[in-house]
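Below is the structure I would like to discuss, written out as structure tokens.
Labels A, B, C, D and E are assigned to the chains in the order they are written; within every chain, residues are numbered from 1.
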Amino acid sequence: MSVDPGYYLALAALMFTIGAVGALVRKNAIVIFMFIELMLNAVNLVFVTFARVHGHIDGQVLVFFVLVVAAAEVVVGLAIITVIFRHRASANVDDVNLLRR
Amino acid sequence: MSDFPFLDVVIFIPLAGALALGFVPKGRDDLLRWGALAVTLIAFVVSLGVLFNFDMHDAGFQLGSKASWIPDWGVTYSTGIDGISLWMIMLTTFLMPLGVLASWTITSRLKPYFIFLLALETGMLGVFASLDMFLFYLFWEVTLIPMYFLIGMWGYGNRIYAAMKFFLFTLVGSLLMLVAILFLYFAAKGGPTFDYTKLLTLDLATGTQRWLFLAFFASFAVKVPLVPLHTWLPDAHTEAPTAGSVMLAGVMLKMGAYGLIRFGIPLFPEAAKEFAPIIMGLAIVGIIYGALVAAMQKDLKRLIAYSSVAHLGFVILGIFVGTVQGMSGGILQMVNHGLSTGALFLLVGALYDRRHTRLIADYGGIAATVPIFAGLFLFVALSSLGLPGLNGFVGEFLVLLGTFFSYRWWVIPAAFGIILAAVYLLWAYQRVFHGPITVEENRSIPDLNWREVAMLAPLVALIVFIGVYPKPFLERIEPAATKVVQQLNGGSTTTGDQAEAP
Amino acid sequence: MTADILGQGFSANLAPWVIAIPLVSSMVLLFFGKRVGKLAGVVASGAIGLSFVLSVILFLRLIGVEAGHETYNLRAAGYHGFDWISVGGFSVAFDLLVDQLSIVMLLVVTGVGTLIHVYSIGYMHDDPRYPRFFSYLNLFAASMLLLVLADNALLLYVGWEGVGLCSYLLIGFWFEKPSAANAAKKAFIVNRIGDFSFLIGIFLLTTTVGSLTIGQINEHAGAMTAGAATIIALLLFGGATGKSAQIPLYVWLPDAMEGPTPVSALIHAATMVTAGVYMVARLSPVFEASGDTALMVVGYIGAATALLAAVMACFEYDIKRVLAYSTISQLGYMFMAHGVHAYSAGIFHLVTHAFFKALMFLGAGAVMHALAGEVDMRKMGGLRKVMPITGWTFMMGWLAICGVIPFAGFFSKDAILASAWASGDYAIWAVGILTAFLTAFYMSRLYFRVFEGRVIVPEGVHVHDVPPSMAAALIPLGVLSVVGGAINLPSILTLEHFLEPVVGESRVPEGLTPWLLAGAALLVAASGVLIARVLYLSRAGSLRRRKLEARLAWLVEPARNKFYVDRIYGATIVLPGKRLATWFADRFDPNVVDGLLVGSGKFVARTSERLRGIQSGYVRNYAATFLLGVVVIFTIVLAKVTL
Amino acid sequence: MPAFDAPHVELAGIAPELALAVAALFILVFHAIVGDKLPSWYLPGLSTLGLGVSLFLAVGVWGEHELQLGGMVALDGFATFSKVALAVFGLLSVWLARDYLVREEIEEVEFYALVLFAIAGMMLMVDAADLIMMFIALETFSLALYVLVGYKRDSLISQESSMKYFLLGAFSSTFFLLGIALAYGATGTTHLYPGGDPTTGILGFLISNPASDAALLVVATGLLIVGLGFKVAAVPFHMWTPDAYQGAPSPVTGFMAAGSKLAGFAALIRLLDTALFPLRWDWRPLLLGIAVATMLVGSVLAVVQEDVKRLLAYSSIAHAGFVLIGLIPATDLSVSGALFYLATYGITVLGAFAVVSAISERGERRVRLNDYKGLFYENPLMAGALTLFLLSLAGVPLTVGFVGKVVVFGPAIDAGYLWLVVVAMVASAIAAFFYLRVMVVMYMQEPDEGHAPARVGGLATGVIALTAVATIFFGLYWTPLIEAAEKAKFFANL
Amino acid sequence: MNIEVFVFGVIFVIALGSSIAMLFAKNAVHVALFLVGTQIALAGAFLLQGAFFVAAVQIIVYAGAIMVLFLFVIMLLGVDYRESLTEPLHGQRGWATVLGGLFAVEILYVAFRGTDLALGRLTAGGAGIEEINRDPGNVISLARSLFSTYLLPFEATSVLLVVAIVGVMVLARRIGATEHLATPQSEADDELVEGAA
């Protein structure tokens, strides 16, 4: 007897939600970005779970791509955050609001 | 009959002229003025070719041409005129040189000014000659832009507001029309088409007709303008430069009425018949309301603008009463209004050039200083208020007569409008020209010069001519008008033949 | 009809020239007035004179047709010009009609018109807009002649409005005076109100008769139902009340005296104001077809107007205004005649009235000319001694209007009274006789005050009698006032019979009655003159006047205020209209109509301004909005999926 | 389990992308070797060459029709049309950027490389026949765009827009990814189209299974719409657009508005109107709501904007709404209309941003509406060109924008979405207001002192001239373009 | 109790616990560490579902490389930076809670019902993966798939990575590193800064 995939999916769903909420409530750009990583991780879990449900390997392959994309995003994202930090000495996203209305 | 494509040539002469003017080197203002005048005059002369080649016994479309344009979407370049569009085209080409003459006093940015003016002429001519819905809509919208710039760049104090209002009001209406045109395009029998003559054979359900008609009507009613959609007009008229006002009142307002005659009624006869009483009601409200509001205006151009609302009320009334007399009168009244109101705007423009104010209160008693001007103004005002023997009367009389034939009681409020016309025009005339001179500057206003007289003389001549001998106009209008009336009435015409007790 | 009148065999091809000559002259003077200069008067008078000559030729031709015939037939000739308005089944042509009725009017208009033109040469001599004045006068003449000669109701309407226009132009000739400008505008607008009624009458004629030619209308009028005929007749008469200054639209005429006096004489006494009278006679079959209703209204309105205006005239001090009220009153008289089917009597009075009233206006003009524009009778007196020509000619007019035998007025007035009696409508007769008395009284009052008694002239004014050109008009008119009645002397030259083919037979009392009636008329005239003499020429006159005025205070005050009619119109029509229009123009249109339309645009802008806040610049807010979108989409999707 | 079967590698479908990637890498490497020794125009020259080759290769496969590379890419008319358009956008952007970069004195090498990479990503996006392929393509051009938006590193607003775009972009791609995951969960595949076996792929799944099995796929569809909706700036996923458009260097903004929108929409069209076509009754309501909101919010919010770039950003949101109308009926006619619209909108908006860029002065100091006062008197040609573009955006006849509206709204009316078109007309009317506002400022107000007439570089002038001519030409004679769009059929056409 | 269920329970608690802890950790380093915790727990979940290779990669690449990069940047920007947990944006937290709650409910519904809705036929679950893991083996199978079906995406990721590298090069280059880069800060920026202040 194995655990119903639904629970894995539920775990992924909760993590995804926490990630989304975290991205909304935290102010540090890097932290926000980490929450986005959390969401990506949750999606990975979904892929793996569905791979098991479907009984083929494709879902696990897809995780690789997510991983690569996440890595690339992290690189660029952190670079952008660094550039901003250099000019403002702050990683608080709330400080970045010259453009509005 | 000559094979020369007078109609198509006359449409594009102004555009070609506008392009040519683009190459006039800087600083040659006179060349621009005379060039524009020459172009408009050439267009007028060529349009005479249209007039003389027009076969008045043919109620169908003639003198046009047809060429494939966008085959995938069934768009064709298709033109042609009947007795209705003929006079609209003549009116346009006739007024345009006068508009150019009236623009002699404009000194800034002449090149774009004349380019816009000429482009406007092409647009307006195109509207009246198009027999393809797509082409029609194209010209219809295209007229907005030059006029927008004419008002916005060369207008007076509140010009930006006026230009904006003008553009947006008309745009909102025409966008709805676009929806309806697209619907028609797909509804056409035998495959989608924009061809007007093919669309005429459509047999739409009354319910469909109803909203399609309303969509077209929205566009035309704004343009005419019918109360209560008229409020752009006073602003646009007031702020536009003289030539702009002349074109706006003289021709562009007619585009709305023309649209109703050409498209509103023939395409959706049942709906038109159904809505006719409401539209006539609005027209009559417009006649009375426009006159009342005009009477109280403090600004001469505004007054004339509101008088246009009243006059166009007659036009619309005539169109929808469903009698040949009304229709013919309405169409003739379109021409008349173009002449009379055009002349009034030319006159007020000339006055503004001298005193730089349009406020009635700034004048008074100037008939003594500018007798020729005063005389001409009175003459045109009389034409506008429908004095028999001048053009306005013929149109208004026919409209009222036509109304009387089919809607006996409606004629009473409508005819009441001619009393009010006398009230507001003569009262304004009195305040401007009569009485003692109260403002010192008014003692030294120069009277009209040769140029201004030259631009008014043709108008005066036509005003008298139509008043005394409208036959050449009416006999060309009548066949086409009869056709439209038959469509409106579902096949039969009501004329004044039957004698019946009241 | 057209066919058979053309078959009558006299040529009317001169008719268009009658109109065209003054028209062309008018245009010439209008465009080249400066070059023509002082010759303008001569040109204009020549033009209208030529018209008169042509009219006489036409008249002679018309009579000539009759040579050798004893019975009176319709003698008419048509002139076909061109199709004017022709659409669908409706067609109106520019056709002229010369028959007995129009020829009479033609002669009056051109004849009296010529005299007044000539008079104006002297009267307007110093005016800076001299050529313009004559241009307008000629234009008026042309329009009036068109009105008279028109073969159809619509063409008649053209002339009708044309004379209205000229009246506007001429009343407002001295437009620098605000009162003149006002009066001109008032005249035009009040006339337009009448025209409105007239126009609708024309529409009804179109549908009921199917044609607008006078002949067709009169021929088919009998076939109309009485109801239709009544409505049409009353609408047409509505037009006449405007043009001919009857109740309720008479208010413009007293004000119209702001115009130059020759204008008052020509337009507001002799010709234009009689257009209504002419029109009713012209279309008399329509009025007849309504049974008695329409004519009764015509008659009673005429009677009421005659009486009312006469009362007002009794208390007026402005010499021209007295004449104006008198004109209104006399026009009422003419309508009274029409009301009792006595069209020819109406026309007869129209003719004689044209003579003597034009004369008196011109006389009054001469007085004003001499007294530097003074119009107040109280500042005049004994002028016959200093201006004999004016005085004597005026006396002719005075006697004529009072109805003293054998002056022109006596015959025409008597004809009306007799017809009224004969019709059995004694009320009208009574009003007529009362009015005759009042007329005699107030005209005598005017005459005595101005021309008799002590010489009173304003200080510093050198009083002079009329120059020759003015005298040249006064004297012929004086003569006509004396002998004008002769045109309807029984068995000599009877206008009544002459007009019979057009307007039908008049009922005249028989036997002794006419003599008694004439006697009664003479009696009241004499008593009127006498009372006036007692009040205005005797030494104790002013004292008696004061006593009488005190006793008649209830009448004097309202009469001096024109029975408040102007004020009532002002308060009930003009003012509310103005208020409504002002409210429309200043409140409703900009705020409500435009407010709604522009308001929708403003609403968009406000919404935009408000929604802008959502774009706060905080990226976390953006993310929240994003999540909101996701949640909404999720909700919709789940709702769809599970349903 | 079968042994490893080496995939059949056909490169025809992705040749344009490959050409671009190669060109981009070549630029980077070549520059590293040669450095600044060559005249600086060789960089845009090389980019032009790369884009030209790419364009040539794209046109070369016009009319072919197959699924390639293990079902990852669809070589079809739809993709080809989009790729040609993208290549053209790329060319225009590169030329436009050249003048801009020189003026702003920003190093150019990586810019071109990134633009080329971005276009490669976009091209991959339009021919992707697999969700994960689509995702990677999306990320490729998104990453390039994040960097391009922040390319003016010394400018605070450029950085800021880059960060906002990036954070939200990353946020949204998680949702897109979740959508892919759920779609995979629902169907067991990420392929859109069936390959050899008609039951494979999402489309095959939908055809061969009862509708009740598709419930999870519907949820996934919602998330995919969210992810792509973000890219095309559909409300309520549009919040980044104004900020990013305003802060980015003008040529990049133009490029984004044209290319990114086209790529996003092309993917959305491919997804919804082919693979998920059987689910149209489920996604239509979503799209209807989004379309209405997008049109209205875009046009209403633009009304009060004071910055021209920001204004154009809102306008681009509104236009996204208009294009969505083309997606909803999912008929051949409507899809070709949407394609037409996207292509022509791209040209027009690039022209508009070309003008904005050309007159913005060094440091983009001149982008406020008030700075445009009297532009007509100072620089009539620029003002005239901008007017033309604005009129086209407003959908005034004689410009291609009007035709776009006709070909999108017409099929929608034909399909019975009359009310939607009426809403679109209302939005158009509102939109007209702010286009007119710009014209008011340019023509009807007196110029301020202190602006030296902008010196517009030759290439930028060329771009403006080209786009202006295209705007007019296709406005008058749109046969070639509409014919191409109508022939641009999907690999799997339903 | 089944061992898998027990392990899953532990993983569930750890993963969720450290996720929630991320929300409340003030220091970015702590957040990163909690994220690492979550990721390790996830690796366990992968293992449980027969994704051995992926689990390894998850720990090495994700929890290892990527998170080190995060920490690296955090260090660069100041390790002692402590984020205040007060919310300056009005309503943001409330909205986040509400939306998060709704979203959680909905997505949980999908998670539980989703498998039923779409995959009722696959209750056997996992059997296929176990089969594959036995023969030809998890890694081989992954590799085959990656280099056949997913060849293009795989190659495309190389472009993606190049883009990322180029992008970072562009962004990370110091301003003024090249001599002609001394662009003054634009005026528009100044205006905006003033406007914001």
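Simple rule for what comes next: a contact is a pair of C-beta atoms (placed from the backbone, for glycine too) under 8 Å apart; a residue touches a chain by one contact, two chains touch by 3 or more.
As the structure is a prediction and not an experimental result, all values here were calculated from the model.
Asker: What chains, if any, are shared contacts of chain A and chain E?
Answerer: Both chain A and chain E are touched by C, D, going by the contact rule given at the top.
Asker: What chain pair shows the greatest number of contacts?
Answerer: A-E
Asker: Report the chain whose CA-based centre is farthest from the CA-based centre of chain B.
Answerer: E
Asker: Report the chain whose CA-based centre is farthest from the CA-based centre of chain A.
Answerer: Of all the other chains, the one whose centre lies farthest from chain A is C.
Asker: Indicate the whole-number Å distance between the mean C-alpha point of chain A and the mean C-alpha point of chain B.
Answerer: 65
Asker: When the C-alpha atoms of chain A and chain C are each averaged to a single point, how far apart are the two points in Å?
Answerer: Between these chains, centre-to-centre, one finds 96 Å.
Asker: What is the distance in Å between the mean C-alpha positions of chain C and chain D?
Answerer: 79
Asker: Quick one: chain A and chain D, Cα centre-to-centre, how many Å?
Answerer: The answer is 26 Å.
Asker: Quick one: which residues in chain D touch 2 or more of the other chains?
Answerer: Within chain D, the residues that touch at least two other chains are 132, 136, 139, 143, 146-147, 150, 153, 156-157, 163-164, 167, 171, 182, 185, 215, 219, 242-243, 433.
Asker: If you look at chain A, which of its residues touch at least two other chains?
Answerer: As it turns out, chain A has residues touching two or more other chains at 16, 19-20, 23-25, 27, 32-33, 49, 53-54, 56, 58, 65, 69, 72-73, 76, 80-81, 83, 93-94, 96-100.
Asker: Scan chain B for residues touching two or more other chains and write them down.
Answerer: Chain B, residues with two or more chain partners: 168.
Asker: Following the definition at the start, I'd like every touching pair of chains, please.
Answerer: A-C, A-D, A-E, B-C, B-D, C-D, C-E, D-E
Asker: What residues of chain E sit close enough to touch chain D in their complex?
Answerer: Contact set of chain E toward chain D: 110, 114-115, 117-119, 132, 135-136, 141, 143-144, 147-153, 156-157, 159-160, 162-164, 166-167, 169-171, 173, 175, 178, 180-181, 183-189, 192-193.
Asker: What residues on chain B touch chain C, complex-wise?
Answerer: Against chain C, chain B makes touches at 165, 168-169, 227-232, 289, 292-293, 295-297, 323-325, 328-329, 365, 367-368, 375, 382, 387-389, 393-394, 397-398, 400-401, 404-405, 411-412, 415-416, 418-419, 422-423, 426-427, 430, 433-436, 468-471, 474-475, 478, 481-482, 493, 495-502.
Asker: Would you mind writing out the residues of chain E in touch with chain A in their complex?
Answerer: 2, 4-5, 8, 11-12, 15-16, 19-20, 22-23, 28, 31-32, 35, 38-39, 42, 45-46, 48-51, 53-54, 57-58, 61-62, 65-66, 69-70, 73-74, 76-77, 81, 83-84, 87-89, 92-93, 95-97, 99-100, 103-104, 107-108, 110-112, 114-116, 119, 122, 124-129, 131-132, 138, 141-142, 145-146, 149-150, 153-154, 157, 160-161, 163-165, 167-168, 171-172, 189, 192-193, 195-196
Asker: Write out the stretch or stretches of chain C touching chain D in their complex.
Answerer: 601, 604-605, 607-609, 611-612, 615, 617, 619, 621-623, 625-626, 628-630, 632-634, 636-638, 640-642
Asker: Which bits of chain D are touching chain C when the two form their complex?
Answerer: Touch list, chain D to chain C: 163-164, 167-168, 171-172, 175, 215, 218-219, 221-223, 225-226, 229-230, 235-237, 239-240, 242-243, 282, 285-286, 289, 297, 300-304, 430, 433.
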